[in-house]
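For clarity, chains are labelled A, B, C, D, E, F, G and H in written order, and residue numbers in each chain start from 1.
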């Protein structure tokens, strides 16, 4: 990148002023460009955090993204705002539980047998689990859901444990005491992304309890994202999943 | 109690001044006396919290207790202090890991097949688990130990689960993320006393993490005591155990 | 359980595929089955946490439970949702203060003179105390209520202290400074389940103050449940109560 | 004060420069002077906080105070430092438990029958209670001690309750759950100064538990000082005690 | 009290059953009766905490109090509820800012020149300051208000400092950084009751900031009540004020 | 696994008692065995947490591991303890800064050009960074270190950014404000494991500050481990790294 | 000031009573007057904190300020209240995003080339950034805005870094992890005022995360104001800016 | 900077490889170079944080700095380490209270009448105040100290207030309740840098109390640095002071 610009300066095909402009903007900085390119190659959409933005603002950002032909992923978007967007882009998909609106170019979708496991403790954590699941799907990964398998009825987890073990990576969502990731982490040998939720009451302190539990897990292979951050866990999981898939696809 | 005093007043065998004295001191208050008597009947020792007391102070309290023929239980007592006491009372038993010194009248010990399960997550929680186990034994209960069965290797718990299920009550000790009581609570149908320990580092915050986990447990039948309070959990467990045993023994 | 399956395999009355299926589902796992059976024998209903569920969801879960002839207990259910259920099941009982809806098979109710004491500091803690009382009753226990006996007017507690002492187990509910369980714990010799409430203001921090008070109680025999968790305390109390009753009934 | 200066300016006995100097220094500011005078009239010593000061520093401050004939009170002073001072001032009194060194002019001591009650929950809170008691005595008040009357054995409190009720003001010291001030506050009708101590472990969080308990007390007439601040509570109590005594002495 | 009962038993004018009944209820317990009597003699109303009670509940409590001829003080009562009460008791006084409704027997009011100083940092702390001021007045004390004298414009405080110094006791109300009690405490030589308010934003944490400031004050003679607890500070102040007045009135 | 046992039962080569024994121990549970096997195939050592264990305990655990021919990794082991082990096993490697002792079978080491980037903010975070680096190397991964590239001199990071971008996965270690992972996360498109350290003072609160920063990162692709948990981050990183390598090696 | 009063006393043109009055009110205190005068000379408006005040209260304060001809700045004022004021003072300016209403005398505005940089991490922090920007402008300073340059896309910051470096002082606003001030602080050599915002969710804890990050910044030259306190940062920045400008203007 | 490199490429005096090298290292990045130069022009030393570094490490860093002729400032350096350095560099100055070692080129010192005020609440905050004072002097500023002027004796502050008002900028250091910056901030019209200290006990929570007080100050013009960070406050103050001095020197 940088070499090209310098060569053009050397050969005179680029004036110093023009070169300065290019080097001064991030568009042309080596690291930024690479970053930008790779993400596109991976079929990653540009992500919009919908909370606190008006439907008009969201629409105008989408217009900009679509004009470049890129995929779109909007998180934390209410149904009311989503309907406004769907009016313009009826080909988009909206998931009400996950509060996610997205569109992806089907030609980019890679067929694969490997999958991400989304494991969820209780039905009240569903919203966060679905934010993770839909995000992962919107980012192009296969997903399998294992819901309502919390530690208070640990036997339910064992029905599914082999299928969870065969995943590339697990996202484990839990509120209240947040013990599920520790148990899963002790049973699988792939990376586990733990998501504490704010579900609970009293000394739960809006998810603090589950967050501390997960950070202190004595099982190896667990890392943690912010409270209720299903999107963040899924984004991480897909990055890992793609690393693993690269190998498989090359087989 | 009260009736006796009033009768003696009525019959003149007690002057008003004497009656006032009796009613004014707790020694004669109905609730206190009953309390005092019941505890003795159960063979409960008087408990001394050893931390912050000199060996001379502990010895003089023990002398007072022994002079009434009562059992003795000293918790949080260092080996150095214990040796000082053992010099006077060689018949006492000292447990170094639990830091407990005790003596109980063997004639009071009741034979029983029922037992309290002391379940412990990791070897580093041993000290607290032993404080619970020795306390329960000193208070006259049978105890079975299930150690190093933390959730990171949940299969180890399942080897012992039937034996744990058959206990009258469980004391479950765990540090770090403190998830073990939730798992045990989901597998047994007797009361579970959860003891968070201060074992761990970083965001463990000296046991706060495990404490919050246990308070927020989504399994039913769990109650919690203070961080590292093995004694408190065992004391509770023995109260419950005696309620259960009363029936069995009457069979 | 396990033995039965293996025998059937041995004698050929069960194919390996069938045996694998049975062993692979929790329905057939030793510990789960026992658990399930015992709870039924004790007349325990299946408990539904009503908060965050729609009335339709609650109804369909109830339908499933009732179809097996089991008892029902729904906690944290608003009057509006309860009326919806009562329309279908007019034989159910709804308690508005406790926000509990339940039904139990009267044939399972065991006559007994022993009872659980529900002790409550102030009138503003009533809601949590009633959640405990109604839960205990729905689970089949006798209950006696001792309300408005907080430590600021400690003499009121002494009017009732003998009756509290004669209970099998106490549930003590308190907000603000949460000192009542310590006082009760010093006067009784049975287990005390302490419930901190979020009642109070300022440095109460939504029940944290009362929670810490109870965890640090210097009286023995006290264990603690989550803030406002009247249900959890009652569930614990009934487990203890049944252990005690077993003996009595066998007399 | 101010008037005097202005009059001297008016009459020319004070130059403007001199007047400016006087008004510019706090020594001559109305509020400061009055403050200074009243404290002396009350026989209040100047207080030195000993922690973090060398014995040489403490001695030189004492020399300055004594050179004006004032009383002396040094808090948080170790025995080693105190001995250094006692070498110079053998007439001083040192209390090892309270870690207080003081001297007061006996001619200033006022005879009185009224007293301050120092009430203390457990023996481990003794150090703080003694800091309060010795401070109050050094400040010229009568003190009666009521120790080891914590809520876990509430009957012990009732033996002394009448004598506590007859005090002018109470200082109530408690660690662990800190419930004692609430109970005392409900039984007396004079002001109660509550002192949380850092005694305890686990979820006591170095006195936070007791502090929150006392701030949230549902009994009226209680105010709180910092954790372990026996001196502060006693200073407050003596201010209140003197207000009450003024009336009595004028009878 | 107790003596009377015993005498009646001795002389046979009271049966043992009747005596037991009397001794078993707090009405006849020595400490409770004295307490009850003294409060009445001081003209103290019975206090009702209005928050969380319906207007019907409040009215029925008031009816009970008034039927015994006692004074009434209702705190934290909204205008809507107050109007409901005023309909029945038009002679009551309602203060909208303080949210207090009260009535006192004018014959009990004692004339006095001494007063309580209510000092307030900012206009946004007014509500809490008025709760304190109206409470003190309802409890029979003279009050002088010193409002909007926060430390950010310390000169305003100095205009009033002499008048504050001449009070018997000060209640100092402050939110945000809560520094005012320290400054006042350094300028007066009577007791200071500090009230932190929840006024502020960000790292104020609902009054925690001001609370910690006041607990850590380096000025002597300051004690603290709960956040926003104007009532508690005033109740304390009146107890102190009455101790001081007793003397003055006897002059 | 399970099928084998059942078949042996069916054919009579295994008695029911023997089958029960096998199914009852975790050694034979499907998920456990697989887990165990996979870890061995990957050349993962068994990890010993050295803190709180005596050198004799550590040695005896190592003896057991080595007797099965497995690799060894001991974390948080002081030099003194390590020397004791090295006496027996001179072929082991000890790293003093990381406080890690390990041994790995060189035949298992896989040659690879891919690497894990260990990025570290300040020299005072070195200890944690080295725990991560040595752990990763002991687990068989290539590692490249990028130290002292904290955000206060962000230009230093840019010198190495391309090399960091080309890693498979990054472990980013930072204390104080903990901002480095956010910056790195915005510049790379692989997973970032963030490790907060307890380095700092004052409002750092032993790493809480850095921990919260990392959890709240607005950059995607970041997950967090416990404070100072360099081992945990590296373990995670190696799991991810192996997923990626599998593909490459198969090329 | 003081000298004048004393001289008048000396010459008899001021009575002692009058002098006392003057010296007793802050209007005449040396430090207050100077303060008052300087602020006016700098063209500083009197600031009104609009939150919690009615529109009528705000209007009456404005009337008082305008009657003395002073500038006006109202912060945290809703559009509804602002319209009420604008009805009376149509020459005022209202900024809806910053929720600021102000008026300044244009004759006082000083022309200058130097400026304050307002740097802002994300669009959701805009409200706080604009409160800072509009405040600074209302106080008479030039401002340049650098928005949406958060650390997750650090390259965007570098486009503007030279222009930020040339400012006199920077106000840096950031929510979530709050890392931006550290990065800016490492790139500029003028003072940086950091403003944490409450933007974020989960473990953000209403801005605590960003606040701690900024306090722990390892870059020199950074100081911090309260969460969301854009006004406070701007006020500080303008004080610094004026110090710098004084020199420039004197050139 | 950038332009120069591009011109050299254009004219062929720099190869593309050389240009890439230059642009790739921070040494040549525009912003970094400028930064570096400006700091030198201001006579700023390079600062070494001494805590956690060995005396050998510190010495070798100093050697590197001195070899370029730069000034040196080492903070948090114990006397023992300092003596080691002074052996090599006897011309350095060590301040034991501030624990600072420094050297500055006297030729760079600028004569000036303006000064920074270092204001300190209590003698126990001295260490932090001196860290600030010596740092400011080492960085080339005049400093005036105003110590022991805490709010509990506010009159002492007024003796010095005019001299504090005439400073360019104030650093105000306070522990315990931390109220001093608010009071000073209300009396001066220049920027105030507030430094909370960890001095205090109980609910001081290692400086948290003072930190929150300062962040919530209702006085304008105050910003805050980390607990005990005297160096940080002084560094900030000197940046502001130099901005102000530039003007004065140009007069």
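Simple rule for what comes next: a contact is a pair of C-beta atoms (placed from the backbone, for glycine too) under 8 Å apart; a residue touches a chain by one contact, two chains touch by 3 or more.
Predicted model, so just to flag it, every value in this text is computed and none were measured.
K.L.:
Determine the set of chains touching chain A that also touch chain F.
P.N.:
B, C, G, H
K.L.:
Could you work out which chain's C-alpha centre is the most distant one from the centre of chain F?
P.N.:
Chain E.
K.L.:
Which of these, B-D, C-F or G-H, gives back the A-F interface, meaning over half of its contact pairs coincide by residue number?
P.N.:
The A-F interface is reproduced by G-H.
K.L.:
Select the chain at the greatest separation from chain A, using centres from the mean of Cα atoms.
P.N.:
Most distant chain from chain A: D.
K.L.:
Between 0 and 180 degrees and rounded to the nearest 5, what angle rotates chain C's CA atoms onto those of chain F?
P.N.:
Roughly 180 degrees of rotation.
K.L.:
With chain centres defined as C-alpha means, what is the inter-centre distance between chain A and chain D in Å?
P.N.:
61
K.L.:
How many angstrom lie between the centres of chain C and chain D, each centre taken as the mean Cα position?
P.N.:
That gives a centre separation of 49 Å.
K.L.:
Go ahead and note the Å separation of the Cα centroids belonging to chain D and chain G.
P.N.:
Computed from C-alpha means, the inter-chain centre distance equals 43 Å.
K.L.:
Where the centres are mean C-alpha positions, what is the separation of chain B from chain F, in Å?
P.N.:
It comes to 40 Å between the two C-alpha centres.
K.L.:
Going through chain E residue by residue, note those that touch at least 2 other chains and give them in order.
P.N.:
24, 31, 153, 158, 187, 202-204, 208, 211, 215-216, 220, 226-227
K.L.:
Touching pairs of chains, all of them, please.
P.N.:
So the chains that touch one another pair up as A-B, A-C, A-F, A-G, A-H, B-C, B-D, B-E, B-F, C-D, C-E, C-F, D-E, D-G, D-H, E-G, E-H, F-G, F-H, G-H.
K.L.:
Name, in rising order, each residue of chain E that touches chain C in their complex.
P.N.:
On the chain E side, the touching residues are 24-26, 29, 31-32, 52-53, 196, 198, 206-208, 211, 226-229.
K.L.:
Can you tell me which positions in chain E touch chain G when the two form their complex?
P.N.:
Listed in rising order, the residues of chain E that touch chain G are 123-124, 153, 155-156, 158-159, 199, 201-204.
K.L.:
Where on chain A does chain B make contact in their complex?
P.N.:
On the chain A side, the touching residues are 121-122, 150-154, 176-179, 182-183, 185-187, 200, 202-205, 208-210, 212-220.
K.L.:
Flag every residue of chain D that touches chain E in the complex, lowest number first.
P.N.:
Residues 30-31, 34-35, 38-39, 42, 47, 158, 161-162, 165, 168-169, 187-191, 193, 211, 215-216, 220-227, 232-233, 235-236, 239-240, 243-251.
K.L.:
Please give the residue numbers of chain H that touch chain A in the complex, ascending.
P.N.:
Interface residues on chain H, with respect to chain A: 2-3, 6-7, 9-10, 12, 16, 19-20, 23-24.
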